[in-house]
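Both complexes below contain chain A, partnered by chain B and then by chain C.
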Partner chain A sequence: MIDIVGILSANLLYVLLITIGGTLVSFSVHFVPVGGAPAAMAQAPGIGTGTVQLAAGAGLTGLITAGTVLGLTNSIAIVLASGAVGAMLMIGSTMIIGQMVYVFGVGVPPAGGKSKYDPITKDQQDIYSSQGTEGHALPTASYISGIIGGGLGGLGGSLVYYSLVNVTNNIGMTDLAGLAGIFAVGIFFINAVIPSYNIGGTTEGFHDPKFKKWYRAVISSIIATFMCAIIGVLAIGGL
Partner chain B sequence: MSAGGSGGPATGGIDHNKIIIFGIIGALVGIYAAYFLVNAIGSAFSFIAGLGAICSIVWGASAVRRVSNYGLGTGVPSIGMLAIGTGMVASLFGMAVGSIAGPIISFVTACIIGLVIGILANRIIGMGIPIMEQSMTEIAGAGSLTIVALSTTMSGTFMIETILPNVIGTGYIAMIFIIGALSILHPFNANLGPDEHQDRTLSTGFEKGAIAVIIAGIVATTTAGAASIPTILVGAFIWYTAFSKFYEYIKRDAHKVVGTGVLPTEEELE
Partner chain C sequence: MDPLLGMGVLALMGAAATIAGATEDLESDVGSQSNPNSQVQLAPQMMHPHRIYNKAISGEPPSNALMCAIGGTIASVMMSAYGLSVVFAITFGAAIAAVIHGTYAASSFMGRVSSQKRFKQPLYLDIVRSHTPVIIGYAFLTTFFILVISYLMSSVLNHPFPLPLLAFIWGITVGAIGSSTGDVHYGAEREYQNVEFGSGINAANSGDIVRHGESGLRNGIDNAWFCSKFGGPVTGIAFGMTVFLSGWVTTVFNPGESITMGWLSVIAGLLIVAILIIGNRIIETWARSTYGPYQEEESEEVTA
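Moving on to the complex of A and B:
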């Protein structure tokens, strides 16, 4: 049997970093403008798919960029920055392509439904919303909110990956990268789903009233990720 | 906004408790039988773990059906991804520390994490789904058994020394992640609606599980401990049977099934 206390006390810092990373992912989901099925029909603002798919797309890209950079340097700042930038690029390109489809394909102007004026540009929103819809496409505030969400998510995901790779172990580098990567993906998905239940599947971004509920998902994620962090560190440290 | 589900408990068909027993016993027996038979006789028996994977997948699909019927608000895929995310963390831990008890440790760990997430979802997030705690426990447990069973189908053993270079280092674990998640979430996601029936949903579960087994069989061509041909053949047979059954249920449940014919040619349109 493995030395549970020994491994945990030697890697306590990484347990805490993984918990912080997972919690950051959970917080980041609240920023991403997800519209779900109504947005896919241009009847609500946001990107027309589910939270989990978006978080996964952006977060996994962040994980891949962080993993690639980790092969070249062990500096935590560069790894985290590349993870964040990778996820921001991915969510940004998803939103810009989605925006083009809404504007040139569906033929609707970007307009939010949760506030009368865009909190960033101060443009009036309600007069551009089609009748019977809550708004459509991605107004500026939602777009910027999404970029912030992508950045935080990528930061959290790469923090989890960085911590898992650095746990003291006796595994070869290729196997370690696979093991830490899939652990990070598992923790990422848990922390992407918890907040998506919190916001009920759709949000417009930081100006959405649902955003105020973020602390509930964050508390839940701290507890859930802490358990996963202990398990992950024990599994990798015990090999 | 609620996506999918009628907002009440799922009804009809086989008692869910029987499916729970079928899933747990089937998967564990499949995994251990494959392990011991591969060790004692030969790699040809690795397909038995695939049968175990189908048992846990059908159980997972049934649990997803029960909880998603209340309307999760985020679509059915989210809970499948949560199941396999939790299952992945737990099963890698179980296989890494458990040696021969690996599958059982994986299962128990997954159930504990699932239960905690279920409690958090109801108490802190306030989802208010009465069966959330039980369902999250079941779904996470089914996810972990699916992962261990598919890993065993691919490599013939659940010992981490073999799994690490054959399944994790090569990246096939990522494939297990997504085929496991899809086979658990897809059956209800594809069949939901007012005319949803348990037998049709579960037949889709069998069919998706069989596809996962076929894919695991293809991967088994690259590993020494597992045989691919028996796995692929068994998977293909189960797939064909389950799909025929599924199509039969569609014809039973649909108002009418008609052929649309071939698309009209350009000349016919003029």
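Moving on to the complex of A and C:
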């Protein structure tokens, strides 16, 4: 019989850290500029894919980097920072190549649709939008927003993984790393999906009006991740 | 590990990732998966029946993750339980995964087109016969090279994650990158070559995709031919960059040596990110100055 209360009380800190990590992932997704199918046709600004797809791709790359570093050092700060950097590198590489496809392959200049001027460069946006579109590609504000989103997502995913690996248990490191990795991926996906109800397919990043709804997703994520954290800690701690 | 050996392995992983990225994008172009599929699906409803393969098994990341996880699991079992050689296990795993992907592709195509009978969209069996093997071929290459990367990471670089989990995550990543980069070349350029290059695609044109090929009627293989000139290779570069750069920072500055090296690896990563931001800005300003605005500034501001 598993000592549920004992395992949870011994690992309460990790339950809280997993909850914080999952919530960070949820918050991070709001920064990622995605335009879904309209962006794939250059009819809306942002990356031409889905919210969950890109956020998960970036965050999980960060998780791989964090996994590498956790095998080398025990410093939590370096593990988390490496996870964030890994995710930022993935999303940065993807966005710059995506930008090249828009500019050189499709022949359209970057233009946002949610504000007349780019909040960072102050460049005018509306005159660069082609007729019948909301804009296209990635203006600087969206690009930087994506980098922030990738970084926060990688940070959150790494925090979840770090916490799960450190739960008190009796299994070997090889099995533990695999199990913690699977739970971390699951918790990541749950928290990447929840904000997509706020975003509804397209967002340009932190300057998009939809960004203001972040707290709704964050509250939902705190509840969902807390439950996932209890199950994850019990599953790993009970072995 | 010897840093030079680590760099060599990383270079090999980067090369494998570049091929995996390119084949992933071309696989999605042949079958018209992911976001541009919306136009292929919409075209018959706009009275434009076509001969383009129409599969959307799921978003690209989950379908590639499934494929790579199947391949990784089979390869892992064959190596650990039966003691087979790495090359054989990875090849066999990738082959099984590709065939499973082919069954999803064929059933997805037939299901989707059958549902469009009311819009007079024919189900071309020659398209199923000619395109499905190409899809399986590209899926095999993608899975094979993802498994090569995952195997090198888990056995040579001693990554703590097991092979199938690494394959799953890299499958998600390659799908996310293919969907974000190369697919735009297919969706925004190839499907709409009937509008002037660079003129943008008016939302009112949705579903009005090009159906005539360079010779005869256009099909999915024609699309892969076009996208292999730009969309596919740049997807490969994006995935290669991701695999190489995310490994490079921890290989050159090994966090296992000291805390300082760990922070140096983080700083090196942040510097690369800063260079990418500057690069993006350079492309943005170049595009704006070269292409110019679509409309002049509003005259009210002048007269006011």
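By our rule, the second predicted complex is superposed on the first by the 239 of 239 C-alpha atoms of A that agree within 3 Å, B and C clash if a C-alpha of one lies under 4 Å from a C-alpha of the other, contacts with A are read in each partner's own complex, and residues count from 1 in each chain.
The criterion applied here is as follows: contacts are C-beta pairs under 8 Å (C-beta built on N, C-alpha and C of every residue); 3 or more make two chains touch, one makes a residue touch a chain.
Note that this is a predicted model, so its numbers are computed, not measured.
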Fit or clash - chain C, chain B, common chain A: clash
Partner touching more residues of chain A, whether chain B or chain C: C
Contacts of A:115 with chain B and chain C, given as first, second, both or neither: neither
First (chain B), second (chain C), both or neither touched by A:223: first
Partner chain in contact with A:182 - chain B first, chain C second, else both or neither: both
Chain B versus chain C as contact partner of A:171, first or second or both or neither: first
Partner chain in contact with A:138 - chain B first, chain C second, else both or neither: second
Touched partner set for A:36, first chain B, second chain C, both or neither: both
First, second, both or neither for A:51, with chain B first and chain C second: first
Chain A positions touched by chain B in one structure and by chain C in the second: 36-38, 50, 52-53, 56, 174, 178, 181-182, 185
Chain B - residues contacting chain A, complex: 1, 3, 72-75, 77-79, 81-82, 84-90, 92-93, 96-97, 109, 112-113, 116-117, 120-121, 124-127, 160, 164-165, 168-171, 173-174, 177
List of chain A residues in touch with chain C within their complex: 36-43, 47-50, 52-54, 56-58, 60-61, 63-65, 67-73, 75, 78, 81-82, 85-86, 88-90, 92-110, 121, 123-124, 127-133, 136-140, 143-144, 147, 173-174, 177-178, 181-182, 185
Contact set on chain A toward chain B in their complex: 1-2, 36-38, 50-53, 56, 171-172, 174-175, 178-179, 181-183, 185-190, 192-194, 196-198, 200-202, 216-217, 219-220, 223-224, 227-228, 231-232, 234-236, 238-239
Chain A-touching residues of chain C, taken from the complex the two chains share: 34-36, 38-39, 59-61, 153, 157-162, 165-166, 168-170, 172-173, 175-177, 179-185, 187-189, 191-192, 197-206, 230-231, 234-235, 237-238, 241-242, 245-247, 249-250, 254-256, 259, 262-263, 265-266, 269-270, 272-273, 276-277, 279-281, 283-284, 286-288, 291, 293-297
